[in-house]
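The same chain A turns up in both complexes below, where it pairs with chain B and then with chain C.
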Partner chain A sequence: HLATSLPLPSERDHLRPRIDMVVFMIDITSKYSLKNVETSLAHVDANFFLGKVCFLVTGVGRVNACSIETNAVCKLAEAYCSPVLFCELELEGIRAATAQRLLRMLQICAGHIPGVSALSFVSLMRNSNDD
Partner chain B sequence: MDETVAEYIRRTVLKMPRDEIKMMLQKWGFLSEAQLQTLNFHQQKDNISQEVVQLCEENSAGIKQAAALDIIYNHIYQNKRMWSVYQMKKSGEEEEYFDIADFKKKFKGRIRSALKNVTITFKEYEDNAIWIRVAWGTPHKKPNQYKPSYVVYHSQTPYVFISASVLKSNLPLLCQALIVASNYRDIREMELRSHSLNSLKDIVFKRYSQNFQTYSPKPVQGWNVEPENADRRIVHENRSAKERIHRLNQESFGCGPQPKLEFAQYRLDTMFKSDPKMDVLDKKEPFRCLVKFSSPHLLESLKSLTPLGMADAPLSPLLTCITHKARNYFKIREKKESFVSP
Partner chain C sequence: QENLDAQKTAFVLRKAWTLYSVTPLYGFRRGRLRDYARLLSAFIAAEKQKGLAVEVGVELDIKVALSSLADLRGSELDQAGLLVQLSSRSRASSRNSEDKLLWSGWFCSMFGDDLSENVPENFTCLPLFLTHGAESYTALVGSWFQKTFDCCFRRLAISPLNLSWMVAMWAGYKLDRAASAVELVFSMPRLSHPLDISYAIHPEDAKALWDTVQKTPGEITQGEVDIFMDCLYAHFHRHFKIHLSAAKLVKVSTGIASAHCDGIVKILHSQYLPGVLMLLTELAISQIQ
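The block that comes next holds the complex of A and B.
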C-alpha cells in the first residue's frame, strides 16, 4: 500500500488488511519529504516501533542535490528506534537489492520466518558508521 | 568588397555549427549552387569561413547581403536571444489593409529621418512573421553590425517581439517607427520576457491549450493518474487526494504542453508579516524583496509541483496566472486587492 502521508484516509479502512511493516521513504533532495515523514510519524501507533518501522532514504546517488543531512535522518531513526536504509532508486542493481532487503524484513515482521521476530531488528540497529 | 563586410560574414559563418553551414548558405541564396559545390564542408570552420568570404568577394557582397545572412542565422537560433513583448494600440479606426511595401517604406523613413547611419533589413516568413534587423550607428559612426536589434511582427496582430541590442537608447526610436509604419497609435512594453520566441507567441496569441469550464464535468481520460502502473498488487491509499490534485492542476494549467518560460519575477513591496514576538522589523515600512523563480522550463516545473507532492494544491494564483495574464514580471503591493499591476 502506498500513501503520501499519514493518517491514512478513513474511507478505505474496511478494505485494508493488517499492516505488518511501515517504511517511511525520505527523498534526500527534498526537505519537504523529511518534514512530511516527521509529521506522519506522530500518527503511528507506538507498537509499530518495535521493529516494524523502517526508514528508507532515496536519492543518495545525487550527491550534489542533497537538501537533508544524513545526520538528521539518523538522529530521527535513533529517536524512533528504527533502522535506516540508504538507496538510489535510479540504479537497477541497488533498487533490486533494496527491495530484497525490505522483503526479507517484511517476512520477519509478518511472522513468516519461524524463530525470528521483528524485535531482533532493534538489536541489529548498530550501523557501520558507529564506532 | 568592404573589409568590414567580409569580416562580418566571416564571423557570422563561424557562429554556425559546422553541419548546418551548408543549409544556411542555401537558404541565403546569395551563393549559387555551383559555388556551394566548391566548398569543402569537412574542413575546419576557420577555413570554411575563409572560403565563403572568398566566394562572397566574387559576387561582390555588400552589407545588405551580410545582414540577410545574419537574419537567417538568428531566425534559426532565435532561442539564443532574449525577447520582450510589446503591444500596440489602434487609434480606433477600422482595419486597414496591410501593405507590406508601405510598412517597410514608412519604417525605414521614420528611422532614417532621425538617424542616418542605420542598416535596416527585412525578411518575411511563411507564418506571416516579418523579421526586421536594425543595426544602429550614431551621427558620426557607422552602424555596429555586431549589436543589432531584431523585431518580429505578425501583421495581423497588435504584438511585436523585440530583441533589443544592448544600446537601449535606440528603443524609443524603434518603437516610434513601428507604430508609424503599422498605423497604430501607441505601443507599450508588456511584462513578458523569455528566450523562447515561439512560447511568447503561444502565450499572446493564445495558442496554448487553455482550460475552459466544461458544460458537464465528466471524467476525462487524463484522470487515470497512473495509467502505466496497472500492477494490481499496489494499492494507492490516497487515490482520491491524487485525483483532486490532478483535477486542480488541470484547471490551473490545462492539459496541453506549457509555453516555455525561464523566469517569473515578483517584486514585493509588502509589509513583513511575522510573529509579533519575533519583532523582526521595528518600522512599519513595506519590506522590499525580489523573488525570482528560474527553471529551464518554468511552467512545466510549476505544473509538476503538486503531483510530485512538493507543494500543496491548489498552487498560488500568482503562479498559475502567468499564461493567461501574459506576464512573468509582477509587482505586488500591499493593498485591499491581493495583487496590483503597475
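The block that comes next holds the complex of A and C.
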C-alpha cells in the first residue's frame, strides 16, 4: 500500500488489513520529501518504532543533485530508533536487491520467520552505532 | 579576511568561470613557468598540425603565458595561484596589433589545508581550476597538464545543498552600494516540458532574514541555512501554492556572486573574493577525496 503522506484517510480504516511495517521514502533530491516524512512520522503509533519502521533514501546515485544532507536523515533515523536503507531506484540491480531486503524485513515484521522478531532490528542498529 | 590587491585580481571579476577539481600536480616547479609556457605552446601547435584545429579557417598563432598569482592564496600552506593565458596574434594583422586574449584558466587553493597537509613531497596542491573561453582550449590545456604533471581534472558540479549554502551566505554579506536582487532559479522535475521558476527577493529583505537566522557572526551552520531556505519556501508556497522544496535548485544569484549547478560561477565583488574562493576550494577538495 502506497501513500503520499500520513495519516491515512479514515474512511477506509475498516477495509484496511493489518499494517506490519512502514517504510518512509525520502528522495535525496527533494527537501520537500524529508519535510513530508517528518510531518507524517507524528501520525505513527509509537509501537511501530520497535522495529516496524524503516527509512528508505532514494536517489543516492546522484550526488550532484543532493538537496538533503545524509547526516540529517541518519539523525532522524537515530531519533526514531529505526534503520535507514540507501538505494538508487534507477539502477535495476540495486532496485531488485533493495526490494528483496524490504521483503525480508517485512516477513520478519509480520512474524513469518520463527525465532526472529522485529525487535532484533533495533538491537542490530545499536551495534553498528558503536563502531 | 585578507584584502587582495584589487588590480591583480580584477581579471577574476564579472566573468563566468567554469569550475574543475584538480588532483595534486606531481613535479611542478614554480621556477620553470617559462619552460612550461614554451612546452604548452609547442603542444598546442602540434595538436593543430594533427588536425585537431581549434578554430577552422582562421590561421592563429597561439601565444601561451604562465604566471604566478602570489596574492591568490589563503594561508601560508596554500600554493600561490597559477594563471594560464592563451592569446592570439593573427598572422594577417600588422606588427603593432595587440594580442587578443582567447582563453584563460587559473589554478588556486584558498585555505585548502585539508588537502595540502596530507600530500607527500613533490606534489603541488592547487585543487580548484577555473576556465573562461572555448571548451576546445580547455581540453588542450587540460590534457597537457594531465600528461605533464600526472593529475586529473573533473568538472565540479554544485549540488542544490551547496547552492543553498552559497545563497544564504552571500545574501548575508553587507554591500556598500545598491545590490542586485537575490535570485534563486528552480527547475521543476518530471514535466514533459522543462519549466524553470525564478524567485527574486529584494537584497535588503534577504539580508534582514539572514540576520534574524544567523546566531554567531562569522559562523554558519547547516541548521541556519535550512531555516533561511525554509522561510523562502514557505513564503513562496503561501503566495503560489507551489512547494519549491520539491524542485531542484539550479542557480543562485546575489550581488556578491552567482553560481550554477553545472559548476559555473561569476564573482562580482572583490571584497568577498577570498570567501567565495574558499568555499569553492572546499568543494573541489571534497570532490577529489
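Here, the second predicted complex is superposed on the first by the 125 of 131 C-alpha atoms of A that agree within 3 Å, B and C clash if a C-alpha of one lies under 4 Å from a C-alpha of the other, contacts with A are read in each partner's own complex, and residues count from 1 in each chain.
Note that in this section a contact is a pair of C-beta atoms (placed from the backbone, for glycine too) under 8 Å apart; a residue touches a chain by one contact, two chains touch by 3 or more.
None of the values given here were measured: they were computed from a predicted structure.
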Margin query: In the overlaid three-chain picture, which partner chain does A:43 touch, first (chain B) or second (chain C), both, or neither?
Written below: neither
Note to self: In the overlaid three-chain picture, which partner chain does A:9 touch, first (chain B) or second (chain C), both, or neither?
What the structure shows: first
Next item on the list: Could you tell me if A:1 is touching chain B, chain C, both of them or neither one (first, second, both, neither)?
Entry: first
Next item on the list: Using the touch definition from the top, say if A:35 reaches chain B (first), chain C (second), both or neither.
Entry: second
Notebook entry, point to check: Between chain B (first) and chain C (second), which, if any, makes contact with A:65: first, second, both or neither?
Noted result: second
Margin query: I'd like to check the shared interface: which positions of chain A are touched by both chain B and chain C across the two complexes?
Written below: 30, 32-33
Next item on the list: Would you tell me which residues of chain B are touching chain A in their complex?
Entry: 234-238, 240-242, 309-310
Notebook entry, point to check: Which of the residues in chain A come into contact with chain C in the complex?
Noted result: 29-33, 35, 63-69, 71-72
Margin query: Quick check: in the complex, which residue numbers of chain C touch chain A?
Written below: 157-161, 164, 189, 222, 229, 233, 243, 245-246, 248-249, 261
Check: What residues on chain A touch chain B, complex-wise?
Finding: 1-5, 8-9, 11-12, 30, 32-33, 36
